[in-house]
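Alright, structures below, take your time with them.
Here come two complexes built around subunit A, the first alongside subunit B, the second alongside subunit C.
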Partner chain A sequence: MVMFRAMLKSRKGLDFWDIFFYLFYFLVAFIIIFLLNIAGCVIKDKEARAGIGADVSLAAVIRADAQLDSYLRTQMPGKEELLEKMGWVEKNKNAKYIKGLVKEIDFNFGKVEDFLNKHPEVYSDRDYSGFISGLHPFYVSGSKKDKEDSERVFKAVTAVMFIRAVIDYPKKGDYMFYLLPLGVDFGPSDLKPSSKEDMCKSSYELCAQYLPPEVVPSLKDPLIYVSPVRFSSQAIQIIPLADATLAKVEFRYYPEFKSRLPQP
Partner chain B sequence: MRFWKKMWHLPDSLVYLALLARSKRGLAISDKMLLWIPRFIFTVIVVGLTFYIILSFIITKTNVSEAESNILTDVAYYSGDGFSFVDKDTNRVYAGVIDGSKFSDAQLGALLSNDKPLLVGRFVRRQTIIDYLLHPQTDAVAYTDKARYGQWQPIAQLKGEGEGGKTPYSEVRYVAVRNPATGNSKGAVVETVFIASN
Partner chain C sequence: MTTPTKPMKLLSGNKRGMDYYVFIVSLVGVLMLSFITFSLFTKQYSLSSGLSTGTEQFRVLKTYAAAEKALLFADDAARLALEQAAYKYGKSGFYYSGAPCGSNGGYNYWAKDEILQKNDCVPQPANPSGCYPDEPMMKWTLSTFFYYDFYKFVSKFNSISEVKIPFNYEPFGVATGSTQIIGISKDPITISIPNVKYEVKPGFRESINRDLIGDGSSVVAVAKQLAGKSEKEAKKIVSSADSSDAGSLDWNEKFAYSKAKNSCLYAIGSCTCCETIETCEEYEFDEEGNPVLDDDGKIICKKKGTSEVPVGDGTEYRTIPYDSFDIPMSVRVNDPASGTSHKQYLVYDEAAKKEVLKELEYNFAVNWIEDHPEDSTTSCSCGTGHPC
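Moving on, here comes the complex of A and B:
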């Protein structure tokens, strides 16, 4: 009290009432901010986007789901068409922007052609989900050769059917090829998407992908949103198999391709 | 004056002003006057900060055009009135499978007619790359409003910001296109560009 009285009596410097008024300003400001924060008073831009449930990450998840549906419902080409597409890859396997893909999927035209000739039941009159079901007996047969064949054929067929390209990159007239990751797990222990950054290395029994560094800057980044470089969205589908078991299929989509998307 | 100061809890500065007003010897700058300078500065800082904080909470305009373009794109893919294949017997919509006959200006224009004033879109259906390199065909193009897209396109290409500007939102996705004759679905890629008013 003695100190307060001394401050009140002071005629030099900032006195007690000056400080009191400044504190009072802050108190009023605090109360106003508190009132504004009551739900419904004010809505921020981010909250508005989240409120309508359509932010970019959600859109990417929906897009990934739709594309996986499209993959699985695509009709398998006939033998001639499949071999024609593979023949194109074989013919151009040393071209600058496709040789990385050929190496990544361990493309062996002769062995794949041989398998497709011997086992038309795997793909004839089936859609892509049927093709995966058709490979299952070979993968689980216990024979090392059959298992290797099924892996090789899966990669080659998936690549020629779903490979994409960015035109005019890096210079006009060239293409940069890429293949978005697609993995299959027969008899999965759970239906969760893979938590691995590179899902083809350890998570899936059949898996194909080709993501050159120009497309995805680094797979060493954690599989979460890393603005503004990349993040992937995962989609999962289940396919029933002939022996009453299931296959889990995972597809990953990378919205960072936005930088190379079509212009208006 | 001391009585009034105690009574109303007036700060020294106001009391001094009152004393000056009563003085018959006119104004004189003293150390009291000099103290007004920091007081004025502090008061301006406090009031300015208060206004800044309050104004930062008041947002009257929220730009949701990117979210909106995403939704409208998905409407075209998921709605039975869009270009997805619909089984007439069961009315089931096959998401991810496009009915080639519904990929048209008329279909998209009718589907998104209510959104024409705010957003216009262009959908380009292309072959997958190996199909294109082996047997190139013409792309199929469909607009939600072709005339307005033509008007907005050059503005969107400038990427101008602010009122009157147009912002493009693009995406590319793989689709399966159903052949009505055979019932088979062949792979294709659809490039979508929506242009929204800023």
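Moving on, here comes the complex of A and C:
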């Protein structure tokens, strides 16, 4: 206390204004540092929740894009391997979780094998994108048989190459097979994705899909987006055809597919 | 010890000066902190802006995905263009704009003789430097066909897509072995959105499992042996080159050998031309031996005849018969796995205006002439009259 009074009275010590300015300075500094450390403390709860959350649908679209790219760049297997895979489907076509797929893709092993034997140029030394463009001349040839063959072969080959399985469903060791939708439109008028949920029925010339009804109930011609729900994410790719026209390929990804599976 | 400056003396030596000094330091400090705070807050989106975490990052990823679509298209287009170029390359006999020796029936000549009047009907090669394509010509032909086919695909893509593929490549390189075409783009694909600019060059390296240049060299090597051979010898050469192994060249199926007779004539000098005129061999006379005249006062001719009179010079020609031999060849590639047992590519048929599967064929023709001067004849050609 004595020392404090001495400081106030002395010419070289601190007086009231010195102490005031120092206090003022440090107070402002403290407030600013405090504000910097708790940015967002004045925002509303709703804004904070939106800011911390992430846009999952955007992530799903990016995933769909990447998956479609990888599909299109997949190298086609040789004839023996393709037929071996199809032979497996043929052998198990009556198994519980295959027969729905077989029916959906109109699988006919004999006719598909016949086509693959006659036309190796459609898949030999090509990637999946080249396979699609290889089917185009048959689809547009004007022959009903060629058109049906191309549709059937597209479905069968797409299925054996990209079919997926959820294992241990519904019981250990069992499989549920599904095929995410992939559609092709030759000579499209635009590059917009299909607005319908079931794109194979509504939109595309070549199309393959199998979504087990246990997981994706079949709805009557719904739209892809019924606010606030978007059922799937869509990716579009353009591929060239030999006659210098284009084909549009659409792929659907269901981000919540596995979560929709009923638990065993 | 340094001597304080005058302003500093005023500030620190004087009690009132010390008051001001502290005030100034405080004020400057507050202003600086305020400035830093303001700068920091304006650099970030506030949480109340409605943008969720990772939005900017997702936008960058979407930009990358959009560029990947264009790159995938470029790769696919390059592959299709290469197959189409391979077919055209073989069909045209490895010449993009016609062989220097000409063509016949769609087959470019790799060897051709000509026999011309101006050369005294001596058979000579139509092109003294020959017309067999070499490896640089083959590579140039393939890359030129590829250029125009690839351009068609890229144009189509650019007409419909917001992201454009630039068509500005270094000259396309052709690597041999399994034929590979390499595209090095000079310009990048550019995608600009607010705060993001993404660039990537659409280069590519596509190949087909056929050594087109190697095939070309093999075909040329055999073709060089054919000119001047009899049909039997030519067939033997072709048969020895032929094979039925997968991947080998099929020479035999479209072998054709034709021989056409013709002749060439050239001037060797002049000859005399004559004209046939009417003469009177016997005139009519009366009993007294006087000539009998007609109404015009002319002596009546009792017996007429003809006489040859020279009317000038004509040109004497020598005619040399010759045989012209043609061997048009269509060499295909064995591919037992293919429906037609030969390598096929999916190409666009301009005439039919549709895609068709066509067999890869290496087409060419060789031609040579054998003259027969021993069977030559001479003749006189007269402008007026006839040879005497």
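Just so we're on the same page, the second predicted complex is superposed on the first by the 190 of 264 C-alpha atoms of A that agree within 3 Å, B and C clash if a C-alpha of one lies under 4 Å from a C-alpha of the other, contacts with A are read in each partner's own complex, and residues count from 1 in each chain.
Heads up, the rule we're going with is that a residue touches a chain if its C-beta (ideal position, glycine included) is under 8 Å from a C-beta of that chain, and two chains touch if they have at least 3 such contacts.
Quick caveat, the model's predicted, so the values are computed rather than measured.
Trainee: Is A:160 in contact with subunit B, with subunit C, with both, or with neither (first, second, both, neither)?
Mentor: The answer is first: A:160 touches subunit B but not subunit C.
Trainee: Which partner does A:237 reach: the first (subunit B), the second (subunit C), both, or neither?
Mentor: second
Trainee: Output check: A:213 vs subunit B and subunit C. Expected answer is one of first, second, both, neither. What do you get?
Mentor: It touches nothing on subunit B or subunit C.
Trainee: If you stack the two complexes on chain A, which partner ends up touching A:70: first (subunit B), second (subunit C), both, or neither?
Mentor: In the superposed model, A:70 contacts subunit B only, not subunit C.
Trainee: Considering only the touch criterion stated at the top, classify A:25 as touching first (subunit B), second (subunit C), both, or neither.
Mentor: After superposing on A, A:25 lies in contact with both subunit B and subunit C.
Trainee: Please work out whether A:110 is in contact with subunit B alone, subunit C alone, both, or neither, and reply first, second, both or neither.
Mentor: Once the two structures are laid over each other on A, A:110 reaches no partner at all.
Trainee: A:134 contacts which: subunit B (first), subunit C (second), both, neither?
Mentor: Once the two structures are laid over each other on A, A:134 reaches subunit C alone.
Trainee: Could you tell me if A:119 is touching subunit B, subunit C, both of them or neither one (first, second, both, neither)?
Mentor: In the superposition, A:119 touches subunit C alone.
Trainee: After lining up the shared chain so the two structures overlap, which partner does A:177 touch, if you call subunit B first and subunit C second: first, second, both or neither?
Mentor: first
Trainee: With the touch criterion stated at the top, can you tell me which subunit A residues are shared between the subunit B interface and the subunit C interface?
Mentor: Touching subunit B in the first complex and subunit C in the second, residues 11-12, 15, 17-18, 21-22, 25, 28-29, 32, 36, 43-44, 48, 52, 54-55, 59, 62, 66, 69, 72-73, 127 of subunit A appear in both lists.
Trainee: Going by the contact rule set out above, which residues of subunit A touch subunit C in the complex?
Mentor: Against subunit C, subunit A makes touches at 11-12, 15, 17-18, 21-22, 24-25, 28-29, 32, 35-36, 39-40, 43-44, 47-48, 50-55, 58-59, 61-62, 65-66, 69, 72-73, 79, 118-121, 124-127, 129-130, 133-134, 136-137, 140, 191, 237-246.
Trainee: Residues of subunit B touching subunit A in their complex?
Mentor: Against subunit A, subunit B makes touches at 9-13, 31-32, 35, 38-39, 42-43, 46-47, 49-50, 53-54, 57-59, 62-64, 66-68, 70-71, 74, 77-78, 94-97, 122, 124, 128-131, 133-134, 152-153, 156-157, 168, 170-176, 184-187, 189, 191, 193, 195.
Trainee: Across the complex, what residues on subunit C touch subunit A?
Mentor: Within the complex, subunit C contacts subunit A at residues 15, 18-19, 22-23, 25-26, 29-30, 33-34, 36-37, 40-41, 44, 46-48, 50-55, 58, 61-62, 65, 68-69, 72-73, 75-77, 79-80, 83-84, 152-153, 156-157, 160-161, 208-209, 337-339, 344-348, 353-357.
Trainee: Which residues, counting only subunit A, touch subunit B once they are in their complex?
Mentor: 10-15, 17-18, 21-22, 25-26, 28-29, 32-33, 36-37, 42-45, 48-49, 52, 54-56, 59, 62-63, 66-75, 84-85, 88-89, 127, 160-165, 175, 177, 257-258, 261-264
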